[in-house]
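Shared between the two complexes below is subunit A, which pairs with subunit B and subunit C, respectively.
After this line comes the complex of A and B, so read on.
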């Protein structure tokens, strides 16, 4: 962890309201598909590694940047670092990946990427996040997994 | 005579000295002999002489003890100055004696310093020798306590004598207490020291005194769990603080100490330091604080800005307020301190979107709260920043935030009784106009905050502005937005309290309810708004009669709306204006309600009428109640119908016990008939409830038994001989209420009725209904058989029902088992948690059994209960984890989504149990929940995800700390 915060006073964004429960949601006979809001709810409360703020409050994740294909079992998440040189980008990407790995059924193929044009080393970070073996190796690192767990657990 | 008396005294003494209890008894006798003049003190001492001068140390100690104990039993004003002088001499001399004798000596000293005629020079003589010869800290705890009590007593009544000792006394105290470690003794010292420090000039011993106390700061102490009654850390911490700020002279030592501790990483040390600073600031004063501010400010800032730890942040903010208050005695110091705070926060205030905006805002609020001058200084910077952004920011959420900030500042101004534009630099501002314009927005949240803001400005709005505001409120009321409703009502009643005539004049006209063409929804909204101000004494008499007229009109929807409003009004409390009495006396409401044509009425309307009657009658005195009974009961009960029984219940339920109901037996018979045979289920229930109330309040005499038997015979008859299910259901409902009436009052028949009711669970056909009745028996929200309705309510009746049911565990098997367990879960939902915790042992196997049966209803209510119980973290759930967790996992696959959800919630709760305990289940849980997170229902998935992600953390790095 860097001792000096890179962005001490970032801008805040409004949080969405809790998802409303519809009659269909309570109907035993209706099958509910996964949708972008559901995926958004899984990751919006992950904490930023630097601030006591959630990824949603910092606008790092947005519902509009999430695509779900129920039929083909695909989930695509794009996230936007607060500043283009953010050294935390990989860590944030990893946290999102780990959370989705735990929270989504294994049938889904999950893809986590930086929103195009929002980070200096976009390709490098994307490559790391897409590389299954590198992700697995990173998760073997006790210190790293501790930080990720704390980010995920903070607003649980 | 004397010889024999004295010789027997010696004998008795030497016998008594062998046993402590005998000694106390003997000394008491001697003391009373001395007081009655039967024995002279001198003679007694002479008798004691052989002991007091014995070569054996133990005998000397015992002898001294006998003297001290005897003195203790003499009244405080018995001995004269000469005698006390003599005793002082003696004790002074004994101070030099061996270690073993000292406790008895100190006990004697403590006794004589309490005596009123102690010579002026005695305290000094005693203390000097004590300081010289008795080393306090090498004594045992009780002996040290004696020394402190001697100090305490002398500080209370011999201050002058102590002052004459000069620094010797102070030095003596300091060296006695230095190093004390016993929490009980410390509490005693902390209690006494502030006074001591304030009364005695410490001079060159100031620093020594401070150091002796400061070594305890911050208090680091864990009271052992076994001694529940003893001193806690917080007791010590709160008692220590006043010692540390007892003298302004401590400032030069204490403030650096505070700074040092605040800078540490220990949370408790920081909190204690903030507390000490907050409390001590006014003693130290501005001039002593000033040199340290440059160092103090950044350290406090660190805790409140951004302030992740809420308790710490609040403590920090309170401290800032207190500091500014104290610094305000000097204009220059206050000015420069606040300027520093503003400089450090200004950049964050320039953009409401910044994450540090709120922390900065709260910090400035804390400064502004201190006093008017500080507030004005903050406003000068903050208000222009807010208003500037308000005009440039276009997004609603930013304006909402800014409005919130302005509201908080205005509220602070209001508290300090001035308005923002009275500050010369801010004379140009016009927030009222800005706000009134903002009300034209469509954004509900902004409107909400703006209305609240205008309510804060209540006393400073011009009449033009108020008029405009009333219009806006009336428009909002007619619009009827649900989110705005409450705020509109609060705003309206805020102004109505100050300007009742304005509201009467304009608002009531604009919200007219006498026009029958008004749309029903608009009409309802107006009615609700009017009723919101009807509690105000000036307005109620004008509004209520109109509402009553609408309530009694034949327009169904409008009348129901009006009745709803009336019910809300009479159910509430009002300190200034008794709505219930007004409606009864001035609007004749009971008469109107009772005589209303109820034949074609909907149950909803009838229930409203009954509920209003209940609230009004409850507030009346016995005389008025009796009048109502005399007037209406015979009319209503003669032609008791399914509809008017509901109204009758409203009138009779809240009667005081000594109100007399004529022909009660007949009434009960009619009610019994309705309770069993009525076609409407609500009339059935109401009849049963009314029977229950009447039985509960009736005196237990012969008549009482006759009535009871009549009811019981009818119930038994139906249950045994009738085949009609509906009749049987009615009988069970009635039996439930009857049992309730008796058990709640603790009647002598209650056990029999309770046993009967529990036994009904065995009924194959009706047992299920009986089980549901147990909910009624112990319902928390039940409002019929209650103390408010003047019923006989015994304190532990729920406990009784609960224990009875638990004891009958073995009486139920096979098919009745499910009914029994169902009844039990209903009870569990309603009884207090403490009671459950007392009976957890026998309960747990029953819960496990319930989960294994096939009734979804039973499983669900068991899971709901289990969830609450799991929250307690009770040890029994540690032991039973291997039973519960696999069972819960298998329930995540049941048909009903509610069962799946409830089971998952329980699993989520289990994840907070100690890691060592649940780690063995982790792999299994994660594997099984992998299926649950792909549930077909989203609601189930969302809980499954919570549970699974939480279980992932069990035993993993970064696991949340267990509390």
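After this line comes the complex of A and C, so read on.
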């Protein structure tokens, strides 16, 4: 990690309320499809690599930027780096990918991309995040997986 | 439309299977994956069974395996930055040579037709050519002309000509020049994203490539003095994209294989589907047209990573997937 913070004074956003659990949610006979709120809940508490704040608090992830197509097993997440030159963008995207890889059934195809127009190297970062071979190789790197696990581990 | 019939599903690998490769005699099959092992399968009384498991050759994922043309050696490319050569001299396969030199993950390995040349490529952007003689392997060339991660290397079916595919969206062709240096003689530009794989046809004059841009492209070689009147520079062949198959695949295409026996092209796609294409009978050689003759939905339950036609049994296809399975199929009209 860099000695100096890249974004020394990030803007903070209000957290959303916890999801309300409906009677239908508790009914085991009702098939619950994944929705954007459920995906959001899986990634909102991922920690930012350089601040003791969650991706939700920094507005890096938002429920409105998550699309779920249950029928076609597709999940599409857009995330917004806090600054356009954020060198952590790939690491943040990788953390989101790993979290969803672990939490979702294997039938889902997950795409993680930078919100268009919010990062100087968005094409390069998106290409790297979409390359499953490079992601697989990255996840075999012990140092990197440790950093990602730290980001993913939700604070109690 | 033809159909692809599932003959057998081979389980055993733990986790993603990256690649399958047929023995040149077509009676056994090697597979490899993230569990760092290579499995060799053989057909016994019409059932495919695992014969050998090669472990402890690699510290990380085995990305690709390749049988030598004589069938006595297996080369394996690994994310641990090495390529292992396995031989059966002691009765069973043993790793007796490890090729080192790449700085990052080795992505692909391929034997030339004669078996005397071996090529590897890596995340470190380079393509290496190794000369093999009496179980000694010497690096003959390190070619650094790709700008990014090199995904695949494959030798021409008859000549000592090599093709490579890269994350830099290009395919390159390499030959040895008059001074015994390996040089890039052609750059094939047309794909708009990573080129994952490539396959020559039986003549070696055409090449099929597949990409993250969800298209397949067919390239035609025009040699110096060609009848079509395509100009060539430096007395080298030019390769032109003569056909693009778009609109068929909904996710990245990870592998392609052009059958040397039947002319059928199979693709392995991130949408879990195996598709088969055939050239139309009235196709113009300079502007060929291909039709999809088969699409097998849910061929696997996850991404299909590899497809390969049996070199001896027409229509027999092997596939490998993220779902941990290897499958044997038979295509029929």
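Some points to look at:
We take it that the second predicted complex is superposed on the first by the 154 of 156 C-alpha atoms of A that agree within 3 Å, B and C clash if a C-alpha of one lies under 4 Å from a C-alpha of the other, contacts with A are read in each partner's own complex, and residues count from 1 in each chain.
By definition in this document, a contact is a pair of C-beta atoms (placed from the backbone, for glycine too) under 8 Å apart; a residue touches a chain by one contact, two chains touch by 3 or more.
In this text, all values refer to a predicted model and were calculated from it rather than measured experimentally.
Aligning the shared subunit A places subunit B and subunit C next to each other free of steric conflict. In the superposed pair of complexes, A:99 makes contact with subunit B only, with no contact to subunit C.
Of the two partner chains, subunit C is the only one touched by A:133; subunit B is not. In the superposition on chain A, no contact is made by A:20 with either subunit B or subunit C.
When the shared chain is aligned, subunit B and subunit C each come close enough to touch A:107. In the superposed three-chain model, the partner touching more residues of subunit A is B, compared with the other of subunit B and subunit C.
In the superposition on chain A, contact of A:153 is made with subunit B only, not with subunit C.
In the superposed three-chain arrangement, the CA centre of subunit A forms the vertex of an angle with the CA centres of subunit B and subunit C, and that angle is 140 degrees when rounded to a multiple of 10. Between subunit B and subunit C in the chain A overlay, the least Cα distance found is 10 Å.
Comparing the two complexes, residues 106-107 of subunit A contact subunit B in one case and subunit C in the other. Residues 16, 34, 60-61, 63, 79, 105, 107, 123, 149, 151, 167, 193-194, 212, 251-252, 270-271, 301-303, 322-323 of subunit C are the ones that touch subunit A when the two sit in their complex.
Against subunit A, in their complex, subunit B makes its touches with residues 306, 308, 347-348, 351, 353-357, 397, 895-897, 930, 933-934, 936-939, 941-942, 945-946, 948-950, 952-953, 956-960. Per the touch definition, subunit A reaches subunit B in the complex via residues 8-14, 21, 25-26, 28, 31-32, 38, 41-42, 51-53, 57, 99, 102-107, 142-143, 145-150, 152-153, 156.
Residue ranges of subunit A in contact with subunit C, taken from their complex: 106-107, 109, 127, 130-134, 136-137, 140.
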